[in-house]
Amino acid sequence: MSLTTLIIQAMATLGGLGLVIGIMLIAASRMFKVETNPLVEEVVEILPGANCGACGYAGCADFAEKVVAEDAPLDGCPVGGFDTAKAIGAIIGQEVSESEKEYPYVRCGGGIRCVDRFDYVGIEDCTAVIMLSDGEKGCNYGCMGRGTCVRACPFGAISIDENRLPSVNKNLCTSCGLCLAACPNDILMFAKDSERVHVQCNSHDKGKAVKAVCEVGCIGCKICEKNCPEDAIKVTNFLAEIDQDKCTACGICVEKCPQNCIEMR
Amino acid sequence: MTDSNKDIVIIIGKLVLISVIASALLAVTFVPTNEQLKKNYAEARTSTLAEVMPSAAEFEAIYGDTVINDEGDKEILYYRAKDGSGNLVGYAFFRKQVGAQGLIEVAGGVDSSFNAITGIGIMAHTETPGLGSKIADDPFKSQFTNVKVADLSLSKSGGAIDSITGATISSQAVIDALNEQVGDIKVAEA
Amino acid sequence: MDPLSEFIRGITKDNPIFGLVLGLCPTLAVTTSIDNAIGMSAGTAFVLICSNLMVSGLRKQIPAAVRLPIFILIIATFVSIVKMVMEAYFPSMFAALGVFIPLIVVNCIIIGRAEAYANKNNMFYSLIDALGSSAGFLLVLVLIGGIRELLGTGGIAIFGTQLLSIPINPITFMILSPGAFLTIGILMAIVNHIRAKKLARGG
Amino acid sequence: MVADASLFQIFMDGVFIKNFLIIQFLGLCSFVGVTKDTKSAAGMSGAVIFVMTLAATVSFLIYNFVLVPLKLEFLDLISFIVVIAALVQLVEFVVRKNVPSLYRSLGIYLPLITTNCAVLGVVLLNVLNEYSFIQSVVFGASAGLGYALVMLMMSGIRERTTLVNVPSSMRGLPHAFLIATMLSMAFVNYFGVIPL
Amino acid sequence: MTNVYVMEKIPEKIIIPLKQHDGCLCTPLVSKGDMVAMGQKIGECECYDSASIHSSVCGEVISIEEAANPNGTKVNSVIIQPTEDVECVDFTPVKDVSASKLVDVIKDAGIVEHYGTPTHKVLKPEGKQIDTVLINATSSEWIGGHYDTSAQYAFQMIGALKLLMKAAGASKGAVVLRNDDLESISAFDHLRVDGKLLTVAPLMGKRKLSYYFKDQGSDIIVVSQERIYGQKILDLLTYNLTGRRVSFCCDPTDVGVAICGVKSAKALYDAVHEGRPYIETVVSVSGKVNSPKKILVKIGTPFKDVIDACGGYMGDTGKLIANGAVTGVAQYTDDVPVTKMTTSITVLSADEVIRDVSIDCTHCARCVDVCPVDLIPSRITAFADQGRFDECRQMNILNCVECGRCSAVCPSKIHLLQLIRYAKNSIENAYEDLSSKESPANLKLGCGCSGGN
Amino acid sequence: MTFTISAPPHKKENITFKKIMWAKVLALMPVVLLSVYLFGLPAIGLVAASIFAAIATEAAIQKAFGQKITIADGHAVLIGLMVAMIIPPEVPLWIPMIGTVFAVGIGKHAFGGIGSYIFNPVLAAWIFLSLAWGSIMAPASYPQTSVLFELVLENGAGVMAGVSPFFILLAGAVLIFRRYIEWRIPVAFFVTTVLLAFLLGDSLSYVVLGVVVFGVLFIATDTSTSPTTKNGRVIYGIVCGVLVVVYGHFANYVDGTFYGLFLANCVASLIDNNTLPASYGTETFLQRKYRSIVSKMPFKDRLEVFLDD
């Protein structure tokens, strides 16, 4: 058989196949057109379309559906990567905010410096302790250091440090806020990096009660309030609060606090 | 023709166009590679034949009855090996045998009196790499050089061939291939 | 976009195996030896480069409705070419790689890069991307192939030259299929570990 | 494994001895991607069994009745892949139209199959092994069954491993591969045990 | 009849929590410095789901403040310093025992079930109709009162049952005894009620109460069954006895069953026949005290004084437990008062305290083998530990009777029951703020009541 | 006075994981002693090397990853001992050592340690060794039980676990009696194997072999790798039985047992997930189906059988 015949036959066969399949696909896609969420379609367009299943869903379309339904994370597609995530965000209206990132701040300096009321045996979880008897710390407002927040963080950003207080690794934190929601004592609070001076206490107890149980609790003595040149500190209900808008991070309060419970980061 | 129908035609046209170009490209590659393939195949066979039967200078193919391609070629059953002066020195052959994983194509030579194997070669196999694939390695193949046909069995069943550890099946398959083909030739020549 | 960093990205962050986790099948199946690893990566690289270039060049022409069939056609063409060429001119390697050469067609790396990259970028960057991905693929395949060959046969040989041999009783396990899974599992764990460490340090 | 292999041998081959996922390494993307829960694994397996059997059948017909007579064997790869892609689409359309309930439970897995090398693997191995028509179909079906078996095992295990603690650097794929190592160890031995 | 000692010594101070039930906190009717008489009502609430609080002694109110409560929380309490001379309000037996009046009597007398629900709420739940009243006497801890003979006990129980049925408007009533409590069984056997001879019928196989009502041809019966341990046995008990299944978010009253304890039955009996409000109760003191006993104490007596009355602590004390070593609540101070919900006090020595460190679950399935309600505690707790509460629900966590057997047998020393409670608590909380999308539990299922099953 | 607070129950059974492990070690001692008698010093060397490597690996891994070191709980010792018991005593000492390193390192800790592994580490190690160095791992002899006494001291045994079916059975029985191991799995297993062997017309060699008894009582009952539900454990026992017979029918005795059990490990999770019991009052699968049919019927035609009042 000559080369030309071979080539012609090949062309005819495959061309025929292409024709049949092209017609079939077009016809089928016309005939069986189903109503779909246009958002999903749009997201499908953006996705790599490898249908590799690497996202954990059954193909790109499935992932797109889940993303639109907010069941899947924007950056769930490892193939597309960050750019795809951003593009998806643009479609479904979840802009990646350009504002400064906030990280959880621990409003308690007690830890091992705060007395325990009893000896606890059981699961390592703050909520569990609270369920048993309002928490083991002498201070009702204090961090129990049993790491409910640690377990709540899906990114492993929190750990309990040597003072039995949580510490947040900013490199890992995504500001998702799950730890804030999980803490039974509301110890954690979002704070921007630029907000540098914080009161490391959450206790509204009277000074005497605080002193009895904790070495570093705010006793509401108002020394900081008096000394702040910017008028940024107010003591309400036995607890100093800093107005971050006014605070210039001069550090005077940090120096003056007799309990050392104001911290400069 | 409506706009959308025109689109369809364009789409299908592009699809067909690409198919056609693709097939042309393939056909163009196919021709020289296929030539090469045939050449490789023939070369491999001749060189293997020479290897399994070093004393021979010329191989005369013995054809069977089965036609194997459109050109009317007949199946080759085995070869008669002759030395430079045309004396029959033995027989050489190829044989496919079921191994542990798939077909093994064994080449072999036997002297004219069907006394001893002159050498073997492995043309193709799909045995487990590292296990059965060792049948294609020299330490195994060289065991067969000048081995008596009577001793053509595994050492554990009293023969002269040490099987490859972990690959008894493959080793046995090679031996079986030789034994059976030698038997067949004997019958054919008788 | 900087071509060099695009290239590097294919080896590190977007490494086909460790980064994107695409094309696992050939990775595991052919890495019984370094030879095979090199052969497979070469074939894949050829197809990847050609298809990336082709897709990128034709991207304006390809109708969205039949995008995928056309990609598949293009890829299948190049794969068939690789297959025929390899079979004809590198018969021993073809024998070792077996069914995995035709299977380059469905290797997710190729269609993945075609869709994710070549379909959206110009030919130059598509080429860079293909080169980067190929290099990343090659490195990983050679790494895995090397480990398996070394432990499984007690030495490393590249195209017939013995480079290294260690005095151990060869661990046949390593060149069997479980050995492939074990090797890639452990390598991935190490990669994960390094990544996590880097992330925690703020990398 | 060869032209005269018995159907039983082919069946054992497909399900155990040459198990596509963990011995032959075909279709691993779905193996690590769609085994997070048993339901999707079962759905995917069902779809794969169906498509594999169908692909084995259709490709046999195309190869032996179109390509071989025309001496166009070199077009096998390209026509198979195109046919599989079309087949998957067609199946999807037909199922969607006629059995909507089945489509809902299975349909989303269908597109995944186009790029699943296991399906193409079956077809190519059929050609490579020169199987007859019946053999091809049996091999297609049993390869699908073997695929399903391992997918189910894997998904069962992965469902359970969500209950236990996995070392942090092992989480995800490394752990999946470790499980695959063990599954593969359990299967690899069928080589030695079942005499064929 | 078990001997019950009466605590004679009047403690230095009495702490009466203003909430000794599940429901609303009562408002104090007294203020600091007031003198109160024994039986005087000192706390009340308009709310239907609360029970009145009475002073159990005569004395001076020295403060009203948050004080520790044996359930682990802090509750606003009236603290009374008793005086030597006992002044008592007049206790007048109730004449009019019409159904509607009875409910008021029960609420006024402050009668509360040992599991926390005010008795009137159990009998007359808003918008529900009770058809069967059960007195659950399957626990030895719930003796509740002081009887002279066992016959008197049986007689009073039947009397109380009739009152309860009347209050509830229920047509059927049963006393449920424990299989191995032979003393009570013989006390009830052959008792004559309305001219009919009672026999104590052991509950057999799949037969439910309805069978026995028919079998005995009586509306009031006494049955016996195995003891079921656990904090939350009401649903299981209801199911075992009547075959009615209680859905999630619901309680036995939703299926027309009111379950009362011996304590509240006795209190009701006393309230009607003597006019006494619920001001004293029997607690059994056991463990490392010098003379363990059952003792009748005034409600509000601190544990410390109860233990002193039992001879004081023996050796080094490690744990002080209210309501039993199996399901009770450990106390961090012995300054907590006996309340209407207190049934027993257990003292453990320091070396009896279990401090084993939990290791990972080894899936030994010992917990599965002992669970009385066929749960898979190991799996449930694994889910609970990861905060997958929805899956806990699908695994029927809400059926758990909190018997603690799983924790007791676990070789890995996993705190199974604590984890289960933790999950249940989270599930309840999630239902409270179901509307808020941020609910970490992310529960997707609806309440069992509306959907049914 | 500081009291301790914890959730109920405040009294627990005095059973620990550690106790169970050491009890198993102790229970295997008679068999080990018998094998020393049969195989001589190599057996001691084997056991010692194996246990040493197991402990060292466990300690090294836990130290490297900053975990609590748990050698004292006896798990590593048990793994070491069991690995030693299933490999031929005449192998070079590096074989058991590499085996236990694999068992503890990959089989146990890579999966997450105690309770987290899905495949029995001992089995995994044995299969690893057989696949890696098959010829070394082949036992020198195979038991051919002919007289009853050989159930007590099996002269033909190729591995230590095979020397005495009787003593292993005894050890298992004691452990079952103490509730240290499960009874459902062995019972279901033995019933299945005896039945199947009978049906296949094979001799009872599947059941009375030391290795089989050992495999079922000590490996199949490994809690982490077997289902937790009650029905699941019965099914698991049956699956083990079927697989051991299928393998045993085709392969030699050691392979048959261990590959069968290993494959059963693979399906254990699937069994576990699909045999979750119905708790009281909830409906089983059949009941639910029945109800869904009934609910479609007109009310008056219904025959209510679930509620009796």
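Order of writing sets the chain letters: A, B, C, D, E and F. Residues in each chain are counted from 1.
Keep this in mind: contacts are C-beta pairs under 8 Å (C-beta built on N, C-alpha and C of every residue); 3 or more make two chains touch, one makes a residue touch a chain.
In UniProt terms, the chains line up like this: A = Ion-translocating oxidoreductase complex subunit B; B = Ion-translocating oxidoreductase complex subunit G; C = Ion-translocating oxidoreductase complex subunit E; D = Ion-translocating oxidoreductase complex subunit A; E = Ion-translocating oxidoreductase complex subunit C; F = Electron transport complex protein RnfD.
This is a predicted model, so every value here is computed, not measured.
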item	value
Target chain D, source chain B, minimum contact steps	1
Any chain in contact with chain C as well as chain D	A, B, F
Most distant chain from chain A, judged by the mean position of its C-alpha atoms	B
Pair of chains joined by the greatest number of C-beta pairs in contact	E-F
Whole-Å gap separating chain B and chain E, where each centre is the average of the chain's CA atoms	87
Euclidean distance of C-alpha centroids - chain A vs chain C, Å	36
Between chain B and chain F, centroid-to-centroid distance (C-alpha), Å	48
Euclidean distance of C-alpha centroids - chain D vs chain F, Å	32
Chain B: positions in contact with at least two other chains	11, 15, 18-19, 22-23, 26-27, 30, 34, 128, 166
Set of chain D residues in contact with two or more other chains	29, 32, 74-75, 78, 82, 85-86, 114-115, 164-165, 168, 170, 175, 178, 181-182, 185, 188
Multi-chain contact sites of chain F, meaning residues that touch two or more partners	2-7, 106, 110, 112-113, 115-116, 128, 131, 134
Interface residues, chain D side, partner chain B - complex	1-2, 74-75, 78, 129, 191
Chain A residues touching chain C - in the complex, by the definition given at the top	18, 21-22, 25-26, 29, 48-50, 52, 54, 78-81, 84, 156, 169-172
Of chain F, residues touching chain C in the complex	106, 110, 128, 131-134, 136
Chain B partner contacts - residues on chain C that touch it in the complex	32-33, 61-63, 65-66, 69-70, 73-74, 76-77, 80-81, 84-85, 87-89, 91, 95-96, 98, 152-153, 170, 172, 175-176
In the complex, chain C residues that touch chain D	21-22, 24-26, 28-29, 68-69, 72-73, 76-77, 79-80, 83-84, 99, 102-103, 105-108, 111, 176-178, 180-182, 184-186, 188-190, 192-193, 196
